[in-house]
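Structures for review follow.
Shared chain: subunit A. Partners: subunit B in the first complex, subunit C in the second.
And then the complex of A and B:
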């Protein structure tokens, strides 16, 4: 399974426009920030499962909630998605989610635990594992954000949810939020599992984030 | 020590939760050990407080734990140690001996003093959940497998119904057509004869189909009765051959017959054995293209040359029913006077190799005690080798199952219900024999081999 990066033409044909035109430098800085976190997560996962896992973020994009919903619906239809979400507050407010189509989530869990693939559904035990994996990836990225902002943040306990795209983002206030969508791909030997790493920031704090990025960029 | 006391007051509420709870300082000193953990580990808080958790459980110093705890001690986001990837974060055994399977969430707490952070481990016992999930998965997998088999059986049945209807209707068309023409009474004698021939042939064909269906029904209900007698398979083969010669000639198929005249006799139902041979032969004729060749041979093989273990029917013939068969053998020997009967048959065969009197001899009985001391070890082997369409390796395992032809389109091309070989197998097995099919693949021809135990009484 692989997703190509949606072209601008594709996005335009669906009425999707990027909410904020970030400069190339800003995007690069953001991408690097996320990649550092993801790299840290990958080395943690390597240690845990004892074989090489490659975690990559091929591209990132910035969306509004509505645009993101359309983008995700276009990608996954109305299928169920498995998500691990971490909500945070402090100098920036928002949440980070790692989103998987349920099937690739299950594949990932089976590979990490060395179990037979068996059935492609998720049960309570598998969900625990997926929550840990999501937690590691998100923590890696959030950790590098925290370092960047140099301010104490508050976190809620990570939660696992399985739902359709519409419901997953129904609670997010559309007007106040900016979404950074980063596509994460796990490569384990020959097998590719792809998830979307989605960060939801409130608009103000996104500006703050950009300001912080500007400092380092 | 003051810090420990404070921690006991401040975190005492953790004794009220049904989770294992433990609070660590950044140097891995245990500051709190709740009553749930005391109960699970049988380690009291008096023993644990103030000690380093890394001393008791060294894995806390391993990178995969230490790195993640370090983030917590810096006030980072919560960390999860799931049950599949970290079964026993704080090892604790259950009364039955197995270890509690744990799901652990670690959150950071502001320290009582200064601006550092503690790590709070909340440990959920998911032993029961894990086993229930495993059980559920196994049950579901079994149910899915059973359902798959049932659905497959259903599909085969549906397909079979369609085939049966088609096959039963096909002969009716020429019968009805020619009957209508006969009614016109305007046919010349030659056409008249042809009409009657066609009607007869198709009626016979349909009767045969129905007979096969009834056989299957009898076999499936265990109602098939065999009339046991001593049978000369050479005779069986030639009789069966007579009935397919015309069909073979029509396709210019050359049939080569090779009968070893010294093959021992078998005990069985001669008409059923003839049916077996007929099924093999008509199958060969059906699936061999015009101008092809069919070889039929009758030989004798010793037990060592038999099929390998696992051949269908073998165990049954030599196992549980052995005693019963021995008894029946004895009765038959007494009835038929086996020894002299064989000589008679041998002599006849030598004079007139292919016709044998089927009636049991009423001559005097040879003493039963002198025959058949050893279990049946030699077999007569009938082999039918054709140069026909062959069988693909995928289908080979199924050819002796009911209602199976390689696919339903084949039924249309070749006709028939796909019952012949299934019936043949059942009949051969009822005789304590085995049947085997070999093919090097499609277009490479097929070899069908039947082995039947020689009636040892015939050796005397």
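And then the complex of A and C:
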């Protein structure tokens, strides 16, 4: 799958010069840090569900919110998704999301709780279970990033939402409509579960992330 | 009977921890945040606390700090998804007996609780 990348002209028109600031080595280092964190998160998810987790190499991209929405609709072939969002702040601000189709969400809860798919009890435990799974998985990545970069992260309480892709990202302010995105896709083949881990870094603090990477690289 | 208070806003995690600890025959109580936990501590004086960090109303660090300030010394084990070294260190600095990352492994959790009671 190919991904639309905003042109430099488009970015410049919005006062964004971030793409030019990122060298190949910086992108490589950031990708590796995300990779390490996602690997840890996959290990945690594997412990919970008991099936192997297949990971794709994460990619780093600068997206508009519209680009991100189109990308998610295309990847999951659905406009209605389940997400667990964890916002973080500190020397680096942003949010991380565990995103999957609602069918995958139900399958995961069924495996984790032992409730049958379609059972009324499944819905009752769904939100709490998935929120906690998202919390554990996202902490695995962001915490790993923080540990490697020696940067302290503070978290808000994670939230679970099922909604259209447009509504899920409606809260992003127009001024912040270009986002730095790190995306890692995973599959649990035996369960036919697919999902994405998405990290949105605020542009204002992204320079600090790059500076921290250069210190440890 | 030895009692353990599990403090976690996630029912999924409380259920998992309860299942592991019930195997060792402890009496289990549950709270969904630090405030609820404080109330149960005052009323029932549990022998051990097992607490999450990130919770609404009063988080795990605030709970441990408050217990200390009120002179309620209870052995406390933190079980958190937060894998940051700084969080682990903060937990130990506050006096936590152990810091375990989620999801907890059954053997590790049971062993840790047993160690708390062996001192």
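Methods note: the second predicted complex is superposed on the first by the 134 of 217 C-alpha atoms of A that agree within 3 Å, B and C clash if a C-alpha of one lies under 4 Å from a C-alpha of the other, contacts with A are read in each partner's own complex, and residues count from 1 in each chain.
The working rule: contacts are C-beta pairs under 8 Å (C-beta built on N, C-alpha and C of every residue); 3 or more make two chains touch, one makes a residue touch a chain.
As the structure is a prediction and not an experimental result, all values here were calculated from the model.
Peer 1: Check the residue A:144 against both partner chains and state whether it touches subunit B (first), subunit C (second), both, or neither.
Peer 2: A:144: touches subunit C, not subunit B.
Peer 1: Which of the two partners, first being subunit B and second being subunit C, lies in contact with A:123: first, second, both, or neither?
Peer 2: In the superposition, A:123 contacts subunit B only.
Peer 1: Going by the contact rule set out at the top, does A:152 touch subunit B (first), subunit C (second), both, or neither?
Peer 2: A:152: touches subunit B and subunit C.
Peer 1: Now for A:215: first (subunit B), second (subunit C), both, or neither, which partner does it touch?
Peer 2: Neither partner.
Peer 1: Could you say whether A:88 touches subunit B, subunit C, both of them, or neither, answering first, second, both or neither?
Peer 2: first
Peer 1: Please identify the positions on subunit A that touch both subunit B and subunit C, taking each partner from its own complex.
Peer 2: After superposing on chain A, subunit A residues 44, 47-48, 112-113, 125, 128-129, 131-132, 135-136, 138-139, 143, 146, 152-153, 155, 157-158 contact both subunit B and subunit C.
Peer 1: Over in the complex, which subunit C residues touch subunit A? Could you list them?
Peer 2: Spelled out, the residues of subunit C in touch with subunit A are 9-13, 54-56, 80-87, 102-103, 105.
Peer 1: Give every residue of subunit A touching subunit C within the complex, in rising order.
Peer 2: Within the complex, subunit A contacts subunit C at residues 40, 44, 47-48, 112-113, 125, 128-129, 131-133, 135-136, 138-140, 143-144, 146-147, 152-153, 155, 157-158.
Peer 1: Subunit B touches which residues of subunit A in the complex?
Peer 2: Checking each residue of subunit A against subunit B gives 44, 47-49, 86, 88, 109, 112-113, 118-119, 123-126, 128-129, 131-132, 135-136, 138-139, 142-143, 146, 152-153, 155-158.
Peer 1: Subunit A touches which residues of subunit B in the complex?
Peer 2: Residues in contact with subunit A: 63-64, 67-68, 71, 75-85, 103, 105, 107, 126, 129-130, 133, 136-137, 140-141.
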